[in-house]
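One chain, subunit A, appears in both complexes that follow, with subunit B as partner in the first and subunit C in the second.
== the complex of A and B ==
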């Protein structure tokens, strides 16, 4: 019996006595001790599901191995994470998983977790061609939504996408249809994602371990030359402040991935932060100030533009008083610019009439 | 025609409403419509995509026009021996489709249309006659579960009471009290008859000790195991015995609510049970203040929708709760986290039906019904190549040979026994030698690498194609795999392909290695009993019929 009044307990992990606290799973403890227990259906942000069985470990006194992700530790357990038998069974399982897919390799730009299956299959040397047979899953190539590739030929039915959509995003847009080998990820009535509850937050894409769900926009740059570089920053869209990794190849932004360790978002993004980055390098993006002259916007120098703006404010202040001025800072403006704007309002005009679009 | 609003209203306030709603719409519209899904999703606050997925999970619910009334012909292993595949082929043009073993292996091929069961032959289809009663105990032995089943009046409350019915409930509720009743059940040695064999008294004690209320008793009448038809026979002829068993279970557990989860393929039983429950309610045997004891207990009847896995207790609970019926991760077990995460005893029909007798006659007498060290009796459903197929109540420990040769009249036509299945299909095959050596109890059967389980035994004579029977068995498991865990979802598919010769290595040595590796990983890592049991089929074939397998593989690759 676990004594809930105590905080720490002990069990034996691969021959070493280790401490754990109440409620921890065997997988969490193994992680802490760098055991590299393999997983496919696990995402630490989600409730443990117990589907892939890759994480199985042996516990002395138990007839069969247990899934370490769903098994809570109890004091005195004697746990083995990498016996020869476990490793053989894991390899067999991976060979089975490989056998249901048309390919194992997937472009890195597909999504954050997209390399998991490939890496595991290589680690276990599991691309052997054994267990050949029918392939599972049917790709939804006719779903022409602009963001998410639904290449279910690659799907291994780990249901991470379904669970992230429900548990993290709260949209419940997708689920599992049919059963057994015929299971398939679906929306209600098997529709196009655009006709479902999907908000295109992209979280399903980022948790998919196979690239079955993939970032269509990023994949446009699959063949663009250059190595993928990731730059950690904060999404510029709103005040939540989600951490993102901007992926670039040479000078080109090729995609966004949420930072799984971002303190404000833990891997979540919304459709804007996830997919709406084209403006940065878009042809229509303004690169010089424009002033409307005779009804037509014309490029001018900064000096001239600031002059025109200052005159405009002067006129409003003269005709209507300073109270007629109100400033809204863009959520996409850097800190320095926001600071300068409020300084202008407060010190310049003596106003507190300033807000930020992030509150919207 | 009932309006959508009326159906929703009728069900929404009931416990476990989803299955009831789905069946009401299915019957009204002869299919599950998008409108029905949207209305139910809204009323029960189930996400639309989830409800859609759940509807597609069940074999008998379909969104195709008129599908409710499609003829479903049993293509289980025994019916296939009787030619059901050929009948199906001939009728497929008329929309007939196959259904897995539908629990009537002792009678001519069953077919289901809507809410009626038929018997079908190449040239005729007739409504199914009354379920056969078990023949008098051929060993002349005292019985427990079948003690009164041959009494033609037992079905009605009056008839049931005329032969001692509800006296056990009276005795427990108004005389023994909870502690002593529970002690009696524990001492009897009664263990689960649904397959897993967990000691019943201990299970009830755990529910009684668990925190939370209300507590529940669920009667598992899903009987999806191929070759098993004992639970239906009990419910058809002695429904009050099971109801009384549930009352006793509830009393021991401190439960106030109960469910009976009945498999879809038993529509006539649904009617019988509905009537019996109504009679019991009307007579004050269910409801508030049962038999003047102050004890309250209600029973709700729910119909499954076609999924073998819903017989697995945690999948069953998810199904009742209106969730996607994947099995749950255990622990926690249903005794503490069952229906709606509250303490729940899930018990098989036969287990429950044993209890009134135990309460009336005492634990010692029940235990003594078994032979040697084995306590009590077990129902065996016998089918296939046997003179007298049907249900038998055997003392635990009876030699299977006695059952086959003496009780059931042996193999017809003077043929020799080739093999039998155990636990329906879940125990794989035993060869003739082992079959004639085992006694009917878990230790003996397990020593041969199989298990007794729910007690379905199919008999195959020397002329049968065992590899093809194995293929059919594996195809059943693949069809019924829920798809939650990888070893079973992929393994049952690959093993089916290999037994069919449609994929896989072309040499027997490589074939064997693949099949054994898969079997090993399925047995040790599957998330529930389905995936763990399926490889017993290939394992036993490899042990018993390696030459047949080798020549099948050779043929498939030539």
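== the complex of A and C ==
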């Protein structure tokens, strides 16, 4: 019996005695000890599924290997994570998985987890063609939505997309149809995503380990020159403050990925945060200061623009007093913008004539 | 929010009122959905059958603008049926005697006649909320954008104080802030009554503090609000500097607003785009955008987080702090010799008690929620654990008031406005992002099918919607999300400038506009 009041227990992991707490799975313990147990259907934000069988480990006294993600640790267990037999079985499983896919290489822009199958196939040297033949999954290339590529020829039925949609988003927009080689991820009534409960949050794309579901918008920049650079920042939309990584190639923003360790969002995003980023580099952006001359706004230098702006305030100040000047700050700009503006008003013009846009 | 976002998976009972969270704060809503999957129960009060209402265990479809009636009756039931947390009320609050007396007359049947929610559902909501071990209130602009916005918030505060559902994990009064840094704009003092850190300007101690810090005289007198300033444009207000707000589209009573800005002697706008507001300016200064700017923002749970530049800004665009500092220096003001956003933020931290324990480097990972009063402090995820800022929590006497305008023969339909998932504010951003139009190409007016017939309209065709201030043309969308007699649309599309219609009144204390209630009439547009 496990004493639930005690916090830590011990088991033997690859010959080393390690501690664990009540409720931990063998996979979680192995991961903490950097055992690099392979997996395809595991996403730590989701309930363990035990579907891909890649994370099998041997437990002494158990007749068969067990999926470490669905096996809770017990005190005194003796666990082996990388025996020759396990490694051979894992290679065979991977050979089976990749035999169904059109290709194993996936562009990195496809999504956060998109490289997982490729990496495992390479690690186990599994692209052997040993089981070539039957294929599963029919791609839905006729779904013209601009955000989510539905390339189900690449699907390995790990169900991570279905589970993230249900368990994390609570949307239940997609599910599994049929069995075996006929297995297909689909929506209610097999429709386009736009006609379904899908909110285009992109979570299915980000958890897919093969690029079967991929970021169609980011993939437009697949051939753009440059390495992908990731910059951690906070989403620009609502007040939840989700952490994101902006993906850029040289000076171009090419996509967004959620930060799985973001304190406010734990990897979640919505359609705006995930996909509405390209306003930043839109042709409509203002690129030069403008000053009204003869009724029209004309491009000028910063020196001239600041001078005209200042002279206008100086004139109003002379004619009507500083009370006639007012400042409105933005709830969209960073702290430094609003702090500087209220200081301009208070320390500069000596008044408190400032507000922000929270009243409308 | 009094409580952190992670608490949203913990309540036994959720009370969501005036918050269309699945569309306006979708990621926060996922936490509630997970809490429901773990056995939490959800009460939703909203005039529209929003998605949150569809997944609710108890839906209270109240008439627009009648929140106070519903909340008074819930408080009545909580008191009448012995659900008051007497120990908490005695230790932590004041005003219970007066409130008990006041609540006596506000029975569920009284409220039901006003807010159109069945009395037994009001009773049930009060019991669920009152009896729960952990119950939390979530609200958004559906509560505040009324002439009685303060009354609404105080009514919610009364419920939390009566039951002690505050200052503990999984409880609280939790307004969801709408913009990425609207919390921050207040934090840093972009308010007419407060210095950074919500230090009142009319306190001589604060005046002395900021005069010493900035080396220049500062005023003891509160400024006027933006609403008042717009009213005084061309008269007492002659010049404005607007940093990144598309006032013309987002504010109520668009014609009034546009006229106000046009009547200024001098208007300077800092923005990313040539917005409907910027075209009215004398000087337009191009700012660097999100993704191009280093800085700091604060989210709805008071978490202070870093923004980082990924790419350079286009052309000559510059960070806002640089632009304002250049203007300050040119005007001969001292204290604007900043070299980086870090300099500005660190100065803010040195002057704001709620940020005293923070600096640029400490917030790198975003683990602090203010107040952080000193460098040893780990932050404050839950507010009001031991006491309220003013000591005791004040139970308030609140009375029901009508909206500024009520429906009449000329304007027989209630219009309420809001947001939609796919578009954001005046669409300066989402409207310029590839693919969004595929999901939401235009604005529509949500009307109950019976009302479509009643007013002789046609689903999918244009209609004319008119209020006391103006008229817009908008496409009819027949669906049952809005109840009979109430219509809904968002204010995002400049092509459908709904804020021409709004602006009937303002809360007398906060001057927040009554954007959630506007009597209108609907008419067919004859084929031209």
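Going forward, the second predicted complex is superposed on the first by the 290 of 360 C-alpha atoms of A that agree within 3 Å, B and C clash if a C-alpha of one lies under 4 Å from a C-alpha of the other, contacts with A are read in each partner's own complex, and residues count from 1 in each chain.
Everything below uses one rule, namely that a residue touches a chain if its C-beta (ideal position, glycine included) is under 8 Å from a C-beta of that chain, and two chains touch if they have at least 3 such contacts.
All of these numbers come straight from a predicted model, not from anything done at the bench.
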Partner chain in contact with A:44 - subunit B first, subunit C second, else both or neither: neither
First (subunit B), second (subunit C), both or neither touched by A:123: neither
First, second, both or neither for A:67, with subunit B first and subunit C second: first
Contacts of A:178 with subunit B and subunit C, given as first, second, both or neither: first
Subunit B versus subunit C as contact partner of A:134, first or second or both or neither: first
First (subunit B), second (subunit C), both or neither touched by A:33: neither
Broader residue contact with subunit A after superposition on the shared chain, subunit B or subunit C: C
Which superposed partner A:187 touches (first subunit B, second subunit C, both, neither): first
Subunit B versus subunit C as contact partner of A:253, first or second or both or neither: second
Residues on subunit A lying within both footprints (that of subunit B and that of subunit C): none
Complex interface listing, subunit B residues touching subunit A: 34, 37, 47-53, 56-57, 307, 309, 324, 329, 331, 478-487, 489-494, 497, 502-504, 514, 517-518, 520-521, 523-527, 532
Complex contacts: residues of subunit A adjacent to subunit C: 144-147, 167-170, 194, 199-201, 217, 229, 231-243, 246, 248, 251-253, 262-265, 268-273, 275-282, 284-292, 297, 302, 305-310, 312-316, 319-320, 323-348, 350-360
Residue ranges of subunit A in contact with subunit B within the complex: 40, 48-54, 56, 64-65, 67, 70, 72, 88-89, 92-93, 96-97, 99-100, 130-134, 136, 156-157, 166, 172-183, 186-190, 196-197
